[in-house]
């Protein structure tokens, strides 16, 4: 089913979540001005799926019956279309949010299938039933993954206060009881449900912390402490006054979850699979999201130069910065494309992006978001933070004079020039800009997490084999092979030329 | 004379400037909450000059009788001490502001001396008299340099509306009349006077735009349209709620300036000397100012990791980022030191920082401020933008639970951890952080201006000579020398080894 | 037809090119030691096409009947396979060379088809006949594109000596006569034929310089002045002693070319199409070639650390450098993949890589090759340039002692450790290493050329539209749209969501 | 005493070292062609000290009686002059080598003074006597510091073969006996003496490895296995055919050293002081050395563009690269200047460069040498590695034609253009270029060593204090102070403003 943005807004009124924003209890999420920008961003993902011309991008799943944001990719094409779709909605809204649900669905399908195979459980069937109902209702689903973490030098079970990590406080015949806290939950107040996910690999001692399940947003015992979404209501916020994201801390005080909504409950050996599968999918979509943000900077930077009276075709140094900005954005987007093209379809039928490309792309955007700000600032000029604020627009004592004196080109009125400047300021020099930077750097895992995944997944052994072969012998005296890890054949692999390339990866290469 | 910060606040009440902040007319600058953070920052520069132990740094001029912020350096040591002094006040306040006055005083002394020599004018005496009185009253002096600029493809005199550049509208027997606009005037509302400076080299057609003079802040006909200073009054603004900077547009509608306050009035050939001399001094001090800002990031980043329960001596990747941050800050500060050590003392007795080193340092900070933010974010972690805001601190329904669940180390209470996080957020992820970035990039000239100065001043010809000599002949068939520009002997110069190094530069090298 | 490497060596003996290497006239190219490394590299591309398991990669064209190096891609899959094939042969040989022929074939097919359509010529049929015969004989074809260029401030026809650019000196009924010089011709001595290509867009005055044709390597009047291939015969050259590339200057002194080998002869308006089409294909393949070189550095760097007795899993800073190296290599390779996935098939049936992605990838490798050297040096350690050279290995007075004292791990003998060190030194610190750097930076066009193509092809207008739409009105007072260039709909395009995405691009997205 | 370069060459004949170059025993070092470039470079440092006009730079010590290369700095001015002197001789020779002796002398003076104070030994007097005689004879002294190191996971005493580290094999009444190996000894064959230095801090178990002493180059039992110096004798080596550096492995087989030449012999607690003091001085001088190399690239790059017919004042993108190159070179040189200006004079009267600035500068050059190559390549163009080699110059069949066709500007003959190209190729794309890169990266310690020193020396605690003060309380609940390490007052230090700045550092600041 596809509901509209209006339907989505209405649907929020059917829930009664306990939400605080800046210390105030929120009566109706749909009507709370400080959450409006977030609701707007989610609503757009619903409306776009109803647009005829966007159908190939915005609808996925079998028979195109599911909003792309929540669909599980099963082919390389699905991943490419998901990438395009996320870029599209994020270039409209900065960050559209509900695609995290799709990332989690893909991860849970793969992880439960493996768990069933290893432990003879029936988690996958439970998850599929849940997913079908979510798709049927076209839900917006948030992800509660990052725990509070407490003292970082201790593991979950060893914390002085165990509630700093979310865990199973009790097991009942009809379900489990959750206690603890999740932090940095994107868009929490205006989601229909939250998917609780484990945030790391768990050893046996931490088995109670290995939990994945779905919780309605107004589950009893759950409290959402949220920041406002974007800069709702700020006059100077030309973009993030309309579209934004709320980030919340979610406190669980004995929240009950029935078994049919539980997809991991103590099987600690499989905890990492949930975490890492999600990470791979989510880093892939992060690439698209930040490319959409990059599109806003590219367009706004070009527009600002025009409003300043500069011709980019002639201003070599500003053109150079524009090209640098494009290079960064399309450079990391290319990693998302390559991760899609070189995906593999796992045993559960999920198309998993290539982890090396996905992590390289996320790593590039995480660090280069700062360069993107720098380049946007460079082309825009220093006036961006020096022009009078919007309150001055209504000051009869100054407005007339300012609009004469601060105009640039005769065909671009002052009020239009200043509007572009405020748009840039909002995107790159406001607290919202800071949020985009920090979320790009740390969201979906910090740079170290990406580097670890690249290291873990790279076929290093194959490259070593290549060199040992070219040297005509190994380096070890006893004939053992050097650096035995990751000697998988396949893509870009020296050993690959000795044996047939595997059928499965990359699927699209052979005719 | 040295007045105190309290004296300074009182003194502001003796002026009646026409100031608007966010559309509101300000009754008393000293009492306006939205300007408080700026007044605080300036006040600190007064108080520090009264501290006994800071005397060597904070006092300059002959006999140490002038606040270092407004003193004209006459030796290499003066420049080094100015660098230290500016770093000191900026690490307390983010950006202390009044040192721009000293940069301008140095530039005007040099430029008027040269002008008098060339044109037999008496500008220098006028300026020295003015400076003496400013020192006697211990004034805070702002700089009005950047014009509105209008259509950037046209020169000042060719603009449709000539008022987009400040200019001499009339010459009277007793003085000149100014009309036009200056933008990006730092700290304008709470200065005692503004120094009007030309912002570029002027050809003859732009002679009316070649003007330098001093104007009291409440001169008749002058209107100051200002943004608030910092984030005065915002609870989350742990730093910039207390210290900040106002940036203003200043409109001149027939402002009269008597001759004894005029230091350039149409001598277009000398306009560039005012601009470039100021730029060299100001880029030198910018280096110190941003190093002070860097100190805040270094300290806050280290404190945040401790509050997160991380030991930097063991966390290799975070230590690496700390070292990178230190490398950036001390790397560009070193350029300020080198520019001081290799200064030259000009004909007017002014110690002028080496322009290559000064511009390299400013160029490094202008682009690396973004990396500084990235590194501070990296060591601080993602919670910085996800923790509840200050309004939540007073919510009895959530505070107790949050303070339990979001604490890290047992010996660091939640409210102290969150305070550090808000300090970092304020400095690196707020609108104030955006201001620091943009001002670092474009303030004192955009990167292109620095590159042009490096190119203009570098002894390229000497390096070419070196290579031609090593090749044992020139490249040109007719025996001319290649690339004749900038073949000055001296520092690091191949030709330097053929002839005695000049006595004058660098002064400190010979015993 | 597919010939073997041995066949290729034999075939060279059927040609009598006039080749000089280091001042000596070469009697037999196939037997010249100084060209041996180049011949080896080309031979490998023949042998690999005969390997059963590599068939999908190494054979292209319709029915897989053509060596991938010389095939014209007609689908996205063809481009992906070409990318893999070039990476494969270059990771064995450093740079395999004959793929330039395929790049040119693709460009000429597209350009002649367009020329025929515009000018009613019959060039395409001529080219296809020529290509069929080249494929039938499985030729190795070099590209003669870069002219001598003379005085860079003058266009070709205005040069004092017109021969600094290759041009048509005479037109005869049976063909054309060429005179002039081409520089930087890769692998020239050991190719079967050279394809002459124009190196820039030509205005009418330069019409005689607009020429494309095929010339056998031993055409009368053609002289090849070549550098040795790699470091043939140098004992220390563990890699480039075996595989390398010759770079030659080719002088044309009245070389006659019959009409059936001429594909452009004065149609100056189409000159640019030859150049730019070739550039797009060639930048795409350069990406693969340098990724293969990167594989060598990755493998050798890891092997060197092992030979030094270091465990990369524990040495955080070296592991970090390895990940950085992987990030660079896979980061630019991803751009090649994305350029393939987002290709478009033009009117002549040629699959053309997306120019933005292809140019971003080439630009990334051009500048980052230096970082790749740095990282390989970092992980390898300083001994690489300090260990005794190979002549010392045969010194009975020192060898025994050195092999005891300079061993690292007990299970890795000195002679094997030193061999890896020499391999790294050869790849990263020899004159061959310098060649790889400079060719990466300038080959296929300097960085400026890539930046210009990115700028020319990027849909900037669409991003501006996006922002104007979000601002709810344009910036221009008269309702015109800002920045009208490149408003093409399609990929990543705001306007794209208003209209159906075009059928053609990207082909692979829709099921 | 000051000897001339000719005297130095003669003096070499008075020694009979056992030297192998590429497997051959060298009869006379002074006459060995493969070492000629190294001898030339050292000779220049002697000749320059005899030039009247260079006296202030090239002579140091008390009364200017010592060659600056071997003098111990005692003031800030000494350090600045040493910096200039090293830059000067290295811009002539690439790397002049004997300044390592001066770095060691400074380190040994400080370390022996401290040792005498702690242990009541008389090492300093011994060293001063030795130094006086070295100065009297104007010796060239090399440094043997880096051991073979063997298995890097084990400490010296735990190695299977203890000889992989140099150590005291026996103690006699008249002296000590050395056994083992030192690697990467710069310029070893053509020095008069070698100073043996410890390469790390030693725990008690490694006491026999804690040794510092002076050994004549022809000491019995010492074998020097050297690489050739530069590219002596290669026609294409326009620079490094004349000036270069030999790197050697030195094997010690029971070498006897009398007590009056021993400055550390088992006092393991002081081993680190020798190492770290040397490192600080040497990183300071490395900065100057590589700045001299940078001058060669700057001059040659500019000359190449001129020879290519390009006007840098108009070619924006090449000018940009030139400025970037200057920015890098002067940026790290500035750190050397700042380290000199902020030196401290220790108890032994040695002026020690500030370790933070010295290490930042060395770290910058270590990684940016690669960027310097990239920029030099960018401005020079791709022909640098594609022009015919020098053997082709004598080929009558091709020379005439090539010199016509490959000329650029009419006033720059081909043979002069090609000479500049070969100069650039030699410096940036030859095996010598690789040597410069690797030595810059790893010489004087790898990047990790610099980062560790920055971390160890930075007053981090003071910056934390600053922030705690601004927050108005500490973060620790119990009132302890956070991050207590390195809370030294002084430069750039928050606490510094509370107490008088120390008298000692920086000396030059106060009048």
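Per-chain numbering from 1; labels A, B, C and D assigned in written order.
The rule is simple: a residue touches a chain if its C-beta (ideal position, glycine included) is under 8 Å from a C-beta of that chain, and two chains touch if they have at least 3 such contacts.
Keep in mind it's a predicted model, so treat the numbers as computed, not measured.
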item: Common touching chains of chain B and chain A; value: C, D
item: Contact-graph distance - origin chain B, target chain D; value: 1
item: Copy pair chain C, chain D: interface residue numbering same or different (half cut); value: same
item: Reference chain C; chain at largest CA-centroid distance; value: B
item: Where chain A and chain C are represented by their mean Cα positions, the distance between them in whole Å; value: 37
item: Centre distance in Å when chain B and chain C are each reduced to the mean of their C-alpha atoms; value: 49
item: Centre-to-centre distance between chain D and chain C (centres being mean Cα positions), rounded to whole Å; value: 39
item: Residue numbers of chain B (touch at least two other chains); value: 317, 320
item: Arrangement of touching chains [line / ring / star / complete / other]; value: complete
item: Chain C to chain D touching residues, read off their complex; value: 20, 22-25, 146, 148-153, 160-161, 163-164, 180-181, 183-184, 223, 225, 227, 247, 249, 251, 253, 308-311, 317, 367, 370-371, 373-374, 377-378, 381-389, 391-395, 397-398, 401-402, 404-410, 425, 428-431, 433-435, 437-439, 441-443, 446-448
item: Residue ranges of chain D in contact with chain A within the complex; value: 316-317, 320
item: Sites on chain B touched by chain D in the complex; value: 48, 51, 53-54, 56-57, 75-77, 80-81, 84, 87-88, 91-92, 238-239, 291, 295-296, 298-300, 302-303, 306-307, 312, 319-320, 322-323, 326-327, 330-331, 333-335, 337-342, 356-357, 360-361, 363-364, 411-413, 416-417, 419-420, 423, 451, 454-455, 458, 460, 462-468, 470-471, 473-478, 480, 482-483, 491-492, 494, 496-501, 506, 508-511
